[in-house]
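There are two complexes below, and they share chain A, which is joined by chain B in the first and by chain C in the second.
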Partner chain A sequence: MELWTNSWQDPVAGLKATSACMCLGDLKSDGEYNLVIADLKKKLRVYRGTSIAWESLLLDVPSAVAIYYSEIDAPPNLAVASGSFIFIYKNSRPFFKFTLPNLELPPDEVSIWEALKESRMDPTEAIARLSSLRESMSLLSNRSLDLLSYDSDEERLEFIEATKLTPLVQNTSITTLGVLKLDQELENAVSVLVIGTEHKFLYVLDKTGSAIITKVVLPDVPAFISTAGLFSGEYRILVACRDSNIYTVKNGQLMPSIIELETHSVGLINIDRSIFVGSVDQKVHCYHIKGRKLYTLYMPEQVSCIEMLKLTRARVFKGLLVALANGEIRLYKDKVLLHSLSIGETILGMAFGSYGREEGSLVLNVKSGGIVVKLIDKKANLEGRNEFIGPPPEQEIPLVIPAKSKLYLEQVDREKESARQMYGGFLRDLTSLRLRTAKAYLQLQYQEPTNQSIESQLSMGAYVQGLGPLFTIILEVQNQGRQSSTDIVVSFSYDPKLFQILTPLTYFPCLVPTLKYRQEIAVRSIEGASENIRVFLQNKVSCLPIISAFITIPGCDLV
Partner chain B sequence: MSKLAKKDGRNWLLYLLYVRNEPEECLRLIEEILKETNDRNDFASYIKGLILRSRGQIPQSLDLFRWSQKLNPFSVEMVKQVGRCLYLQGRTKASIEVYEEALKLCPDDWEIYHFKGLCHTNRNEIEDAMDSFRAANLIQKHDATFMQLGEVYARKEDYKSAIDTYLEALEFSPENPELLTTLGLLYLRLSENLKAFQYLGNALTLDATNQKALLATGSIIQDRSDHDAALLKYRIIAAHNPNSAQLWNNIGMCFFGKSKNVAAIACLKKAQYLDPFEWIIAYNLGIVHLSTQQYASSFHYFNAAISLNPYFATSYMYLAMALSSLGDIENACNAYEKALSMEEDFLIFLNYSLTLCNYGRKERAVQMYMKFQEIFDKLDAASKELDQDVQEKRRLLSKALGVQ
Partner chain C sequence: MDPFFIAASKLRRKHYDECIEICDQLLAKNAYDQAAWFLKCRALTLKCWIDDLEIDEEGMADIMLDENSTAAVPRPGTSIQRPNSSASGGISPAMRPVTRGGRPITGFARPGSARPTSSSGSIEAAIRSQTGKPGTARPVTSSGRYLRLGTASMLSTGDQFIVADKLDMKRMAQKQAIAKALCDYLIYVDHNPKKALELCAEATVVSGFQDWWWKSRLGKCYFQLGLFRDAQKQFESSLKQEDMIPTHIELSKVYIRLDQPNFALNQHKKALDKHQENENLTLALARVNELMNNADLAASLFKAVLQVNPCNIEAIASLASHNFYTDHPEVALRFYRRLLQLGISNVEIWNNLGLACYYAGQYDLCMKCMERALDADDSNGDVWYNIANIAIGMGELNMAYHALKVAVSVENTHAEAYNNLGVLELRKGNVEQARNYYQSATRIADYLYEPLYNSALLAFRTGEMQESYNLVQKALAIFPEHADSKELLKTLKQHFDSL
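Let's look at the complex of A and B:
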């Protein structure tokens, strides 16, 4: 039975949003749930049913959206985080803007820049003081950090000149948003916003969204936030940071227990008292909320995002949705894989909740920019265990055994009949091979080099040009010795029936060391046969040639 | 207000793109940010370093990490990454120094100890490595650390401690198919086939296509002569990794077990094509050819097996059998003697005696037979019954030689 049915889809929506930038909520409190998507191309869009309800442009790239109730029995607020601002919309209209406070810079730093501005301080001294400030782990402004990164005095001066007139402020940007219920566990109970920032702060805003009521300093930059409990009672904020650790903030206090992952985290949610965290190494780990590891789910592909599936029926069902890089969406209940659905395309963002008037909708934003909405089958049995998983389908693929030819089989028969002769032949050949190798080796040891004479150290290169019947032999002679040689005569030995040498006499009166001498000798092929001509270099001292070479004249068609 | 104050405003997006494995887009954004900030964004350089490193450009990534370390000198993460790069470049000593530096910044980080342990393992400083891994586990337990610690114990041939380590790891994370497979393979190495089978089976229920576990399970099943079941396992591997020499070697021997000799030879030859320097494939080819009475080929394969691995006595025994079938009794005797000088196995004595008897050298044959008797009588009843063929040969031989 198919668990998911298609609700609607818009393959050309042209949106790119991560899970943090997608949420579902009843924006008008009329029972019709909307889909909010904040696109990475600075566009905020709200879908209602199958059409776009409204659209708005944003000033900066949005990092997260959230829907929360600030009062009972009133439409919820839509919060969009981008840069260091949170824009709050109500009833599809901008309501107000919350700006994160600027960083409180150390007074020393401020006074240093003050002095620099009025040229009261020497840059070298300023740098020394700033660097000692940094060593004492004070949070400095980007400007000071940049200044410290320049090595030469000129660059530093230039940087100071360029920046000293602008006022020294350091704002921070929002990396992630979370929603924490204030005093009731209901779906539309009053909640507060939890904000994680680039400068490692965690803020909790009050319910109107205008003031910070709790501030926590984290050890690293938060990437994902998940909340549990009630702000007025006991609550935990789980923060997955960029250093691949998960920290817990309990009632405003950072807890000493840390969950350390082996790799970076991709997503974080909590279901009741379990924390689920996806990691880059194709795993989803499950921890108890107090930090004890429970189990790990191993995925065949990289995890794209994770999400909670919650259905309210006779009993509340809560499961885990895992989207993989290959477009597969898996549904887990505890450790059991209940269902797997393939979209066939990488999923950028995923949200699960009510959409329209239907509970149990899964909204996906796929990589090509499309939006897909799937609806869960209401009658699906999610409580039972998955049916027995049989052997993998690969088991049915027969092995490809390399085929053997008839010839091979005949050879086998031949070997069976005459193995002894073959072995005898092999031994004989092996012995003769060894003998020939030894002979060749011996020969090498006593052989004279042929085309390089030792005494006068001449070298000769000879090659043939032409297509026939006329050819040109090109001789290149070089004296590689230290003294020049004189009176070198070139002579030939060939079959006069086959060739005729047209150049009457070739003679090198003097060969100076290292220079290359070139002579061209014209040859006519009489019969058109391919045969060797032997070339000698001789001097008058010895009757033996200094050097000799074979030149093969190629065959040709006589016209 | 400048761009300067907002220069890290898109770091969250960088992180998301990186963890979701979209390196192209991520690099594009990084270049944009680095251009805007005059290279001064430590996080962007850091992510760029990670991406380049995963592409194998280690020197470039090392430069990037060093640069981000300069921009942000008190971040342990950067120091750790510098150490990791040095480790990947094989500069383990420098890497250890970097990690020790990192420990001063952050004394209770499991990762630093873990990677320091890896460096020590690479330098063969087993004791230091174990200390580091244990320290890492004291801070927080991780599967990766357990795996490394177990491997170090196995390298020291302290198999008991290795098994204990893996068992402890399994208590901590009972469903890690990698751990289960490693433990199963370790048991297999110690010839505890039953336990090995159990752990490998568990690994397979969790990850039905784990190739290591499948190959090991298949070979255990094959050892029990259930060739069809083993072939089913091998089919799964063949679909995922069709170019594994070990796989085709095992498939070949399955067919041999089913007396499909042509298929066996075809598979073994494929295996040999894939890995020509694996002696066991040549050895298996020799055995199959011996049984198809292609003695000349068999001789060549055993010859090859011996030149690749001269320390396996049985190869010499089979070589001798091939030689005796080829009528080269002198070399056959030499091969038997060589085999016996390495291992005094009753099978070698029996076969030697048989060969000698066939060639009419009865005196020496009786000698060998006696030695065979001596060893064979000491065996317990079960192993005697194991091979009917030995009993049969023994009976025939004693009759031919006229001894009891």
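Let's look at the complex of A and C:
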């Protein structure tokens, strides 16, 4: 059964948006849900049905979008985070702009710039003091950092001249947005915005979006936010930060418990009392909301984004959607993989929710810029499947074992009847064969040429190349011992009527352990017959050759 | 009695030498005696006749100068170069050893089955395989092969009977009977396909392009000259006139050389529809199927051959090896015994009998067979290698080590033996020695995945992860479904991920 059906797709939409920059919402409160995509090319686009409802240009690259209700029974607000601003749209019109407060800069730095502005201070001294400030304190304004980054004093002076008259302010930028319900758990309940910034702050705005009501300092820059609970009651804000830890803010207080991931996270969602976090090492971890690790799901590919699937039927079904880098979308219920679908293209962003009038739509933004909308099958029975327990189905499939023939059974009978004789014969023959092998081995040790000498630990490989009548014998000699050997002469024994060796003298002055030495010896076949050539390695110490080998020169047609 | 009549009778009784002698006397009396000339020509041809339907060996030059290769990466199942993989029911290299050409071993040694052919693509493999046992040198060209087969008989006949270069082919073609005898002589004795082609061309003109025999001979000449497309045309045209079994087989040989095995299969099937249950056709079809790794299909065809001719040695041997490698050694044992009864008693048979006995559990006979094999030839590397295998199976590691040492000394290109020696050395704890053995095995036989996997495993255990990764990749390139290699690769990947 196919779980997903195609709703519509626009392969040439030309949009690039991550999951954070995509959301679904009923912007006009008329029951027709819209798709909001903030493109990374500074464009905000809203789809309604299969067409573009409206489009607007943005001043800066957006970092996140969110839809939230600021009052009951009114159209929701659309918040677009871009730079240090949050633009709030209502009824498809710009409505309000919230600017994040400027950061407080260290008073020393402010006073230096004041002095520079009034030309009370020598620029070189100011630079020296700023750099000592940078050594001692962590946070300086961008302007000071820019100044210090110049190499030559002339450029620094120019920079001071150009900038000293403008007031010194330090903006921050928003990295992520979250929505936290204010006092009701309904879908269109009044909510507040949660903002994470580049300077490690977490803000909660009030419901009109005009004032900060809570401010928390985080240990690192937040990357993903997930919320649970009610702001007026008890709430938790989970923040996955760039130091690959997950921090919890509970009722405005940073909790001491930290979830430490091994690698960076690619997405964070919470379903009921579980936290799911995708990590870059092809895993999705599941934690209890209090920080206890529950399990890890292993993926065959990189996780590109994760999303919650929530369907309200007779019972509410909540599952986990995982999009992989190879275009596969997996649906998990707890640990069980319910369904897998392949798009065939890398997925950048994913949003699940209602679209148009249909509940259960999955909107995907793929790498080529297209948008794909899939619809979950209404009759799909997702509940029944997660009761799957027991061994994998492969265990039930029997192995293919060929049937034993009748002949085999007859032989078994023979074995049963005359076991004694058979065993006796076997033992006798085994001893005889063992003797024969040992004899052959012994003979080998004394007479036969070996290409592995025992005392000096040299080994020689020799093989022939060529089609004839000219052949090349390639000798590869390796010293496997611990000491180097010197003055090794290569000599040959062959029938001079059949062969002529063209390389005059082959000689290895020194053989260093473990190195491979290679010599090529040219041979001419006179008669074209196939015959052996013996190759010896000799040194001056021993009268016996160190190693010898037979090389068979193949026959050739053309002489 | 008329000496000519005696000569004709000798020819019929296959006493070719005597026939030639009488004809020589007749020709000495009258040099223009056409009847005697004809008889001598036939006798010489029949004496040197080789059934070239079965012998088809590609020369070195054919491989290097192969102009017929079309697709570099053909679809699996459409080329001999890429037969059906083991995933689609073919033969797994884990179950069946491979030959020097990297193909699954066949039960019957045929030219081309054990060596790389032009369709297997690697020149280097072809050159290297030449450095094997003496006597297995590859001829430079395919006509060179025929030449060498011919030289022995040429020497015995003394002076040359027909000087092909001096013949006027146009005049010869006028006399049909003499021309046919001459054509066969040129092909089979003189090995001069160029001249034969000239004669055939003239003769077909004389017969008004209506004689199937000349056309098929024309095709044979083109085939020997390596002009496969021309050969194909001639054979097809010949078949249109007269449906002959040899022509069918020769046409499919052309297809095989063009690396179009599916066409060859179709050709055989078409022919079998007409000539039902023909032994040669069925055998040829089975061979093509074997080339394509369709082992089960080939086995059923060999069975069909045996129903027609219960003494067909190729079919018996092929079925024996098929049964052996599909886990029915006791059946294989029966087939090998049958071969023995047919009067074949060589080292290979005894070796195979011994192995079949061992795997079928007939331990009392197994050792005797191996000893018989050694009696027949104790410088055969395979026999010693198999003795070592049996010894390993019984846990006699010392004996196995000795046997393997003997195997590599009698045949220093026995890659499998080097590989097993490496494993045994590793058990003894000689890591460097083991590594050397694996390396020589890989160098000798780059079609074996075992030494590559073993060296990868060794490199992994000694901590050389990158080396291990490279080696296991090579092993998997040879045998993509090797489970242990896959497992090692997975472990390595996990290791690299955690870095």
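Observations on the model:
In this text, the second predicted complex is superposed on the first by the 346 of 559 C-alpha atoms of A that agree within 3 Å, B and C clash if a C-alpha of one lies under 4 Å from a C-alpha of the other, contacts with A are read in each partner's own complex, and residues count from 1 in each chain.
Convention: a contact is a pair of C-beta atoms (placed from the backbone, for glycine too) under 8 Å apart; a residue touches a chain by one contact, two chains touch by 3 or more.
The structure displayed is predicted, hence computed values, not measured ones.
In the superposition on chain A, no contact is made by A:R292 with either chain B or chain C.
Looking at the shared chain after the overlay, A:G555 reaches chain C, while chain B stays out of its contact range. In the superposition on chain A, A:K540 makes contact with neither chain B nor chain C. Of the two partner chains, neither chain B nor chain C is touched by A:R482. Once the two structures are superposed, chain B and chain C can be ranked by residues of chain A touched, with B on top. In the superposed model, A:L407 makes contact with chain C only, not with chain B.
When the two structures are aligned on the shared chain, A:Y463 is found in touch with chain C, with no touch to chain B. Judged by the touch definition given at the top, the superposed model places A:E415 against both chain B and chain C. Looking at the shared chain after the overlay, A:F426 reaches both chain B and chain C. Applying the stated contact rule after C-alpha superposition, one finds that A:T175 touches chain B and leaves chain C untouched. With the contact threshold set out at the top, residues 402, 412, 415, 422-423, 426 of chain A are in contact with chain B in one structure and with chain C in the other. Interface of chain B with chain A (complex): residues 1-2, 4-13, 15-16, 18-21, 38, 40, 43, 70-74, 77, 110-111, 139-144, 172-177, 206-209, 231-236, 238-240, 242, 251, 255, 262-263, 265-267, 269-270, 292-297, 299, 325-328. The touching residues of chain A, counted against chain B in their complex, run 18, 40, 60-61, 63, 83-84, 134-135, 137, 141-143, 145-146, 149, 163, 166-167, 169-171, 173-176, 198, 221, 223, 242-243, 258, 260, 262, 264-266, 280, 293, 295-296, 298, 302, 304-305, 325, 335, 389, 391-392, 394-404, 409, 412, 415-416, 419-420, 422-423, 426. Looking at the complex, you find that chain C touches chain A at residues 60, 127-128, 130-131, 133-140, 144, 147-148, 326-328, 330-331, 334, 360-364, 366-368, 370-371, 374, 378, 384, 387, 391, 394, 396, 399, 402-403, 405-406, 409, 412-413, 432-433, 436, 440, 443, 497.
Residues 281, 402, 405, 407-408, 411-412, 415, 421-423, 425-426, 429-430, 432-434, 436-438, 440-441, 444, 448-451, 459, 461, 463-468, 478, 480, 530-532, 549-550, 552, 554-558 of chain A touch chain C in their complex.
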